[in-house]
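Once you scroll down, you'll see the structures, which are given as structure tokens.
In the two complexes that follow, chain A is the common piece, with chain B as its partner first and chain C second.
So, the complex of A and B:
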């Protein structure tokens, strides 16, 4: 080998290394970014909590027994400021939406905070509204010895180190405490995503399977079939934002007849169903084609009709492939945002309903990142959930196809 | 050369006459013939422009084993697939001439091909059980027929598997996936599956070519037992197999039926030079 050839060889090889190195590095970088930003945030309250914070005003009319003192548990950390008189601890921190909050880290089982009742006038007045660990305290209003109402707390720009001793020393009776259950959870979007998956598959899978069967077995191989087939191929390449527009202009007038009123999960899932059809049809047909023709021959030779052969032998034999197609469709739904922004809306809901607007996980990220101060942390936490779901689905597809390969060889 | 062409023309012309005669004066002639499973009269078969079978005329005897032999591409499998009209599945395949079964041309309009296939079973070259349980494989044909009674199905499965000499091996795990069986067991399962429909005829397209010698011997034993009840037509590449198990042998070459007769005669005193050359292994 000449020198030149050797150099050429090394050069070409290093090109392949660089290329694969770059792709691997980019993937790892994305993962590292998402996990470093979102991992510390990801807990029960993010996964299953409400997105919208709930404001609560509570208080009690009785005077507090001044002799009572509480001892804090050992589990409290540095920075937790304890009110021994009222039996709670508060910590100054930054919440998921990047605001300064005073979070309750401990509330004693006998703390008066647990006896709070809603004090604002209205139908809910008097109902219990206990303050528990995890909630944020905005302010306290108490009466001091002279009977004057004093307001303390975060809203007065006081740190816990300032206002807790003040209250412990002077309060005769707490008349109001204002707080909120922190938001920033993804439960609503998670539920909306599940509903979306269910409805989209409900509409698209039967149509996709039957269309694939038609193309595979029943359609005559003529110009029309070729046209239908190439339309499906083309449709698979149409950007999803165009499907979103189609959803508004074509599907919305139809579901309007049934009383739908605008952007809704049902409109989103019908749009997703149309978007998924090409992929589903193509992969189902592929799965049907991979069934050995000897099965169909055997069935026909046993006096089964064409239809019986299709539904009793060919379709069941293709079920792994069809199942994989459905799983890939699910991961497509989880990851889709463009097709849903117009059809399902961008209003994050804590309890999504089929007939009204909601966001999927991906759209929630779109919303969170779209505001004036994008919320990287919460978005990353949602991304982690999306990635884990999609990864699990892809792994399942791999396992299923490996299993069916093994079976095919046996 | 020209003489043989003329001969063929005559034959074809005669065949057409015979055919019209058969359909006009009633297909009685073939129907009356006892002990004939299929009466094949002047069958020509075309794949597009290619003629795969040329003027085939022969009677397949009932309750005997008839072997079709010949080199690859001679048309023996094609003819076999005419008996249950599996050639219908091939797009540009065209069959001329008549094949009478119980006096009726099976290519006729009145014949229900689904019904025909329940009476004429088929076993393929590659064992092709469905990826279902053994039980579901055997009962498949009956279930398609609309049989739902578990008792009837149970009995049919048991008796079919017994006839196919597989019962003892599988009776304790009928729910097991059929694709887990060995090749020979799978082929016997395919035979059982065909028997379950109580056909008159079982067509076998090189049923042992994918099997090892021991499995082959078992299938051959089975075929000899089965001819008591069924007419068997078997396509085989193995001359020794044809000699061992068949009563009648037909030798095909390039779409022509060269010679048809009792197996002993064909193998011991072949009338045609080409038959002799093939049997003695001069080509093939």
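So, the complex of A and C:
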């Protein structure tokens, strides 16, 4: 080996290391970026809270005992102003929309704030509306000793340091409190994603498995089979935004006959069902092919029909592979955005319904990133959830296939 | 005796009935399977028919509403607000960013595949494969968030070094880098499986002739796997052309073009389809389907082109791997 050869070899080898190093670096950069932006935001209120802020007016219509004294916990920080008579603490903060808010940082378990009921007229009047830590307080109305109603709070341009001692000192009883449940949560999109997963699989899995069985057991070596195979192959290469267009032009007219109107979760699910077919068919057929043909032959030899053999012998033997195919499909649904933008819509909903528009987690990110001021924090927080789900699903697929490989060898 | 014969005949008739029913079930299910297969196969044809029939609508209508097809295909300005729909520069922009991104990713993918299959052993090889698989699993919106928050900043800083101002880093270059990252896993995976499929004899023969392992990797194995590598390149390019949400976050949606300057904002077919999302009727809405038709056409032509190139390569090399 000449010296030049050696140098050349080392050079080419180090290039391969550089190339893989770049990919590793990119992966780390993505994870660091997403986690550093989203992790601090990711808590219960973001995971399970509403996206849209909600105004709440709660209070008491009857008299109640107000002669209590509460002791605040040690966990309160500087700037938390405590009401020892009503058992809560408030902090003056700037919220995501850059407004001053008075946020509840502590509410005692026996505080009257937890027992209020909605006082505004309407169907919800009288239902409990507890004020919990994390909500914003806009104003309080209390009766003083002379029975006069006094209003205090942020809406009166008072700082917590002003209005809390005033209320603690003068209130005979509190009658009404107005506040806001801050938004910025992902519960609605999380629910919509779950509905979407369920419906998409419901439509897609039977057709996918049946088509895979067709290719595995029925299809002969002829033109039709070649056509079916290459069509499914082609379908796998269609960009997801084209599936969106298909949802509008092909599927919408069909579901319109059943009374659907415009963008909806059902339209999104049907679109996803078509998009998932190639993945499901390919994986299922592979799983079916990995079942030893002696199983099917034994079953047929015992007098079972082809249908019985397929459903009682071959499919159960291939269940791990089919399960993996479904998991991959779920992971695809969770990550999909372009196919859903036109079919499911871009309006973030707090209580999604099958027949109306909603956003999945991925589409919510797309919506948040659009416009003048992209919301990196919430987008990253949702990205963390998506990443964890998708990577966990992929890991499960690997584990399942490793397990069945082991079983196959043993 | 008579009785027994009758019994046999009766049971035979019963069996025949059962057999018939069971055969009926078989036929029923066989047809169900066939229908499912045909439905799945029909989808791609239905997609082409329905999207195309919707996509040609803007060019048919009445004279004053009709969009000029020639300008649509060759025009260099896209002003939906003024009713000007020139997609020509968008097609060129899409080709530029996708092909450049793909070409940027290809050597990295080949080098990584060589490392994974031929240099790294055992756990390290598995670890490197896991990195590629993880990159492949990350959904495109997440790539979009990363691109909008990190890649654009990188591009903006780079432009500042040259004294060029950018639109917050939204630029062709940012899209190219994003697409390179997004196509890399597909290309690497295909290259890895291609190299793994090369018969061992090729390797041994090259080594026996005195070539070093590295020489063998790059002069024998990689060329032998070029068919898989080309397939990976096509698949990667397909993803690059069709990538919508992530690209639209950083493209900047230029109103005219083509954008030759890498620091200038750009506009791709997909980002055009995603603009004016809230329109639900009118030419602005319908034109999206026309853009979709062009996108499908671009992807199909690119596939055919790479296919032809692949065939030529195979002929030239005389190797069929």
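By our rule, the second predicted complex is superposed on the first by the 304 of 410 C-alpha atoms of A that agree within 3 Å, B and C clash if a C-alpha of one lies under 4 Å from a C-alpha of the other, contacts with A are read in each partner's own complex, and residues count from 1 in each chain.
Methods note: contacts are C-beta pairs under 8 Å (C-beta built on N, C-alpha and C of every residue); 3 or more make two chains touch, one makes a residue touch a chain.
None of these values were measured; they are calculated from a predicted model.
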Side-by-side fit of chain B and chain C on chain A, or clash: fit
Touched partner set for A:159, first chain B, second chain C, both or neither: neither
First, second, both or neither for A:297, with chain B first and chain C second: first
Chain A residues touched by each partner, larger count belonging to chain B or chain C: C
Chain B versus chain C as contact partner of A:351, first or second or both or neither: neither
First (chain B), second (chain C), both or neither touched by A:331: second
Contacts of A:305 with chain B and chain C, given as first, second, both or neither: both
Chain B versus chain C as contact partner of A:228, first or second or both or neither: second
Shortest CA-CA distance in Å separating chain B from chain C in the superposed model: 9
Touching both chain B and chain C, residues of chain A: 305, 308
Residues of chain C touching chain A in the complex: 22-23, 25-26, 29-30, 32-47, 50-51, 53-54, 107-109, 111-112, 114-116, 119, 128, 131-135, 137-146, 148-150, 181, 184, 188, 212-215, 217-218, 235, 238-239, 241-245, 249, 270, 273-274, 277-278, 280, 288-289, 292, 295-296, 299, 303
Residues of chain A defined as touching chain B within the complex: 292, 294-295, 297-305, 308, 312-313, 316-317, 407, 410
Chain A residues touching chain C - in the complex, by the definition given at the top: 1, 5, 8-9, 12-13, 15-20, 22-24, 26-27, 29-30, 33-34, 37, 206-211, 213-215, 217-219, 227-228, 231-232, 234-235, 237-243, 245-246, 248-250, 262, 274, 277-278, 281, 305-308, 310, 331, 334-338, 341-342, 346, 362-363, 365-366, 369-370, 374, 376, 379-380, 383, 386-387, 390-391, 394
Touch list for chain B against partner chain A, complex: 84, 86, 89, 114-118, 121-122, 124, 126, 128-132, 140-141, 143-145, 177, 179-180, 190, 193-194, 197
